[in-house]
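Quick heads-up: structures coming right below.
In what comes next, chain A is part of two complexes: it sits with chain B in the first one and with chain C in the second one.
And now, the complex of A and B:
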């Protein structure tokens, strides 16, 4: 098929099928909010919290599904209602254990992420949900293989959009506080900012973002979706506000582009394409950053 | 009553005391210098004064109309700030946050305060520059401007001249002395005893896990 034929096919797809439009809406919404906290996570040395938490959601997904089968619930689909609270709790535990605790952030993360990954895979093997175990695992790890799965459940579309909007609103309302506790938590606390409370809010937002982003790119690639746009923006921009705005734009553009590419070519898995586009843009921004610094 | 009174304070980490039995008082307009060897517990004491950690025993009281969120703090440099994308203006403004309460954004008065403090510290021309790309002296001025946004009553400074070249160090001491003259109380950690004696009104010397000396600078023997 030529490029033009594929383009026509793409237009046809979006004109005639609601699921394709929904997939794009979900993708943009998730990309938008997942990039908001990238800077904060990079700077709190928590880049890998994405992986850690997504493994937690992976583990709890399989465990919840197994329990559901055990008590005879067929077609257990609404597991996001269980997975989200569990992930939020883990996120709070990780963030509040903070820089001064005995188990440092990164080793706590490593324990949690590898542990839940192992337990999750164990459960998947003991209580297989479907005949095709490998495909199941692959979907959880690498996200939706095609946009069909992303946009097919209407309630999931609206849940994703609703949560994205909620996360963005909370982020904007607490923007200055998040800046302060990220830049210098001790100063913030010393001048009477309730750093603990805001860290808690941060933890909840991060967990929601991770669970959302898992739907788009899967457990293994979540960190990339969260962190790449921020790192990209940091190559060129120097203020917190500019970096935040730029990473949101980068994230939305990359994800849109990735979704369209994946819809045009059947053999391009959604999650990996989005991350690949992010990597390409990161490279471009790195070069721009270098040139700007020289010139 | 003094602005800050500290009586029989013991501070430390996880049940192990680092400094014991510290008592002193800071009145409005005082300039207290805390001196002592590296690792003697000066930063620990300051963090306890700021209530970043709770005292193991003893009391810290605020008085003379000082509220606990009216303390300005200039921390010892930490690593995390090194690659943070933040403009000087953003950093200075963040000092105003304690006056915001639940209001999500800064109002005009707070922006004006930030601008005034940048002017006072001579960093107005750096406002749009990236914090991490400044020299050590410029970074310290930025953090000092931020502390001034939080309060004009009392400043706690943890080694504000560490890592600065002699010229920047001298400028920093002059700046702090000027702030002190205009009525801001100062508690400063320093291991530069010569300058401490030159500028401070009171000295607190920590060593051997406790207080070696506390009193007016004139009575302090080197």
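And now, the complex of A and C:
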């Protein structure tokens, strides 16, 4: 098939199928808000928290679905209302556990991450929702069609967009405070900023973004969506504001490009393509940064 | 047999598909050509990821698609259903994530298996009308089977 034919294919898809339009809208919204927090997470050395929380989300999704099946609820679709609070609570626990806690930050993250992943997969095997378990697991872990089938539930599309907008608004409103606790939490607390409160806000936002981003790239690749745009921007820019803005642009462009590529070519799972595009852009920005530094 | 049944239950199940009287063999076209039919859902114009997603959406809300025309391409797969002592006819649609979809089709008119049907594994194209039988299983009612060369 020629490139022009593939473009015609793309036009046909977006003209005739609402699920594709919704997927693009939600994908852009999620990419936008996830990249905002990516800069903070990278600078606070919390890059892997996305992975841990996505595993929590995966585990709680399967447990909630299993419980729903057990109590006779057929075709349970509203698990986001259960998964989101569970993920938020875990996020708060991880981010607010102090230096005197019995299980330190990275150990707690590791324990939660692998534990919930194992329990999630165990529940998927014990309570399978379809005959093809491997495809179900792949879809959840790598997000191949999750965001595309979101379009069948319009309320879910608007919920995702609404949450993305809310996260973005919170980030903009509390930009200065988030900036302060990102670079020097102790100094921020000394100047009167309630660091614990803002860390809690950050924990809630991170959990919301992770649950949303799982629909786009799956549980295993969520960290890439959050971290890569920030790292890419840091190759070239130095100020917090410039890195944040560049990170948002990179994330939105890469996600859009990934969705379009997946729509044009066969055998391109959405989540992996988006991450692959992010990696390519990271490489390009690294070269640009190297050239600018030498120049 | 269990493996075949598991594959079969991966997507759809039986409907009133019976062996009928003779008719002509399916027409053959080049791979670049397609049957020039305007349809509501043309799977031949979608990538495998989008086909997978659209099929999932249809399965979640089958009644909304009853009566809609569709065009699908895939490999022909006949299955002998011992319960009713008849052959059922499926098309295997290539999707992403290693989950090819099995979609039953019913060829309108009188046709005998295997005389009128293409060999198993033949790449075919089916323009047809989507339906759901009394037991709630989906199928595609087709007037013709087009062999894609």
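Quick notes on this one:
Going forward, the second predicted complex is superposed on the first by the 283 of 295 C-alpha atoms of A that agree within 3 Å, B and C clash if a C-alpha of one lies under 4 Å from a C-alpha of the other, contacts with A are read in each partner's own complex, and residues count from 1 in each chain.
By definition in this document, a contact is a pair of C-beta atoms (placed from the backbone, for glycine too) under 8 Å apart; a residue touches a chain by one contact, two chains touch by 3 or more.
The shown structure was predicted, so the numbers you read here are calculated from the model rather than taken from an experiment.
Upon superposition of the two complexes on chain A, no clash is found between chain B and chain C, which fit side by side.
By the touch criterion stated above, A:270 is placed in contact with chain C alone, chain B being left untouched.
Angle at the C-alpha centre of chain A formed with the centres of chain B and chain C, after superposition on chain A: 180°, rounded to the nearest 10. When both complexes are overlaid on chain A, the residue A:187 reaches chain B alone and has no touch with chain C.
Residue contacts after overlaying the shared chain place A:110 against neither chain B nor chain C. Contacts of A:119 after superposition on the shared chain: neither chain B nor chain C is touched.
In the superposition on chain A, A:69 contacts neither chain B nor chain C.
Closest C-alpha contact of chain B with chain C, superposed model: 38 Å.
Touching of chain A by both chain B and chain C, each in its own complex, is seen for no residue at all.
Across the interface of their complex, chain C is touched by residues 8-9, 12-13, 16-17, 19-20, 23, 130-132, 134-135, 138-139, 142, 144-145, 148-149, 151-152, 262-270 of chain A. Here chain C touches chain A in the complex through residues 6, 9-10, 42, 45-50, 52-54, 56-57, 60-61, 94, 96-99, going by the rule given at the top.
Against chain B, in their complex, chain A makes its touches with residues 39, 43-45, 172-177, 179-180, 182-184, 186-193, 233-234, 237-243.
If you check the complex, the residues on chain B that touch chain A are 47, 50-52, 68-69, 71-73, 75, 78, 80-81, 83-87, 89-91, 93-95, 97-98, 100, 104-106, 128-130, 133, 146-147, 150-151, 156.
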